């Protein structure tokens, strides 16, 4: 059974017997905890095209702050495209064009006066295959601070340590900060990438299938980490693995064919009693 | 499958003809490789033989050889000035070619739009690398030496050599920069880097070993180039140590060339020695390039689980 | 359709549970018949048959757990297995109550309380169980409410019946107090057992409602 921080906040839920919600007030509490959160990212009628192909179809969604929001769905249904729209990494794809709005703290990130570089400094991203820079561990984590011109103002050493601790990597690498980041194991490299992303204290951390290239042990370490990360940041994670989404997320968005957002609700609801039959068919494995 | 049939399968098939064919081709390939090796060995052996003979026959003073300047009088002729001239040339060539070549490569890979013009430019770079070196000499002679009026000086020679090696460095740099995986660039952009920051802090450092290797190899080619320098105009004898980029000169290959045209047989001996020196430098540069390539090949390697 | 093996297993589970309920209801009706006909042999069959039902229960419990562990069911499938998991417990208890009824059939002194119609209560309550299982089989949430309503009547009937028995005890002659007390307590326990069967039927209906509509209204 899942037992990450936001679940513990709604004290009415016990660890067993989650199958039958025998106490009516348990529902209300968890609903309240989940819905009382502020919205940090909001999409309105967002559509993304690659040339003529519509990858994302009229998506409207409000993503709450300080929660883990998971996005699941079959391959090619727009989850990664949506993720990339949030920090405008889609801009790097020449064929991509965007319709609709996406608001970050109330400001449409696609407005003409928004600099994508500045946007990305507030939003961290972790990729599917770990991609540390071919530099030392220290330089990897310090990269963001240096690039954003904060190297002088901030005590780099303590910032690096804080980030590595936040990524549950400090104890393993504290004596080898000068060694290349590429000498680490896959799971460690991914945690290094997480440290790198949070070193600049972003508001949102985007994760695109962060554990799919890792073995189960490394993956579960990172899953534990994600729960902790949500206390400080907002985590939006795309995952192919439904059980992972069920384990670690507070809210789940389901994208189905054609880039349509079909359901977005508390994770417990999606996995126990989804509103949409298509979602039920997808998560029980009847298709996709 | 019964044991009987299995046995037939394993021993009853006639593979002799194929085995023979196998061996024949193996032998031919070995011979082809050996050919190149044998030629190289013969060449080096010949040179060493000639030079050691010369050392003995003419009683060449090695100290004078390495430190002295050349002269029309064979016993007093030395190679030192030419060696220094070559160093000057390499330094200037590298300086001129490197910056422009890397800049060009960066532009083509990172900034240029992916259209026909770009592809045309890249295709023609390879062609440029195949242009006979004497052409660059002629070009510089006409433009730099005569029109600009610089004269037959080291800088002019360096310009000719730089033009010669630039396409080589550009191609090597393009390969190295392209070899930087897009995942690493994505990581940099996602961190909020500008394009230049990404290039300066992530792409270039990772591509640099490849770029340097390419540069050293290009310089190894340049160090032995004779024709363009002759076109530009070298001294018959390097009688002075070059004072700077605007001095007249004769570099190692051109001095060797001049010496072989002299009447005095001793000059042939000196030329042989000069060739040995040139080869040593060449070998040194290949070793350095090889070391660089080896070292950075294992770094930046596998990122899967270990 | 994907996950064929898994879909098969779900169907098999459903079929097995329906079979178990058929066996249990059959046994219970057998007990009622044994009581009605004062057939000690038939009653003994019921009592001996409990072993078979306990085995069935253990097997089905294991099936449910395996499905949880190996197939990670979610949504409708999850509620189906969770509900089934609870329903087999209720069915097993009903079988135990059938055994009690069988024992009572062998020991009871019939004529004492003509106003108390064991056969009637028994038939009514096992009818409730069958109705609940029918709702389960058809995934019909409407009928689950009907079963809950029936239970109120049964409870009222059992309550009245118990009063009759106790009143009789107080009013009656004081001869052979010992045997009288035995009879009365056996009778009262049997009435309560039969009422319990009704409660189990409501449980089954409640789990079915949860399974179909994700509604825990009937679960007390």
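Order as written gives the chain letters A, B and C; numbering starts at 1 within each chain.
Operating definition for what follows: a residue touches a chain if its C-beta (ideal position, glycine included) is under 8 Å from a C-beta of that chain, and two chains touch if they have at least 3 such contacts.
Note that this is a predicted model, so its numbers are computed, not measured.
Number of steps on the shortest path from chain A to chain B, with steps defined by chain touch: 1. Across the structure, the highest number of inter-chain C-beta contacts is found for A-B.
Think of the whole protein's Cα atoms as having one middle point; the chain whose own Cα middle lies nearest to it is A.
Ranking all chains by how far their C-alpha centres lie from the centre of chain B, first place goes to C. Chain geometry summary: the mean Cα position of chain A and that of chain C are 50 Å apart. Chain B and chain C have centres, each the mean of its CA atoms, that are 93 Å apart.
Of all residues in chain C, none touches two or more other chains.
In chain A, no residue reaches two or more other chains under the touch definition.
Touching chain A in their complex are the following residues of chain B: 181, 183-184, 186-194, 197, 201-202, 205-206, 299-301, 303-306. Residues 1-3, 6-7, 72-79, 82, 86, 210, 214, 216, 219 of chain C are the ones touching chain A in the complex. On the side of chain A, the complex with chain C involves touching residues 19-22, 24, 242-243, 246, 270-274, 279-280, 283-288. Those residues of chain A that touch chain B in the complex are listed here as 87, 89, 92, 117-122, 124-125, 127, 129-135, 143-144, 146-148, 180, 182, 185-187, 189, 193, 196-197, 200, 213-215, 218.
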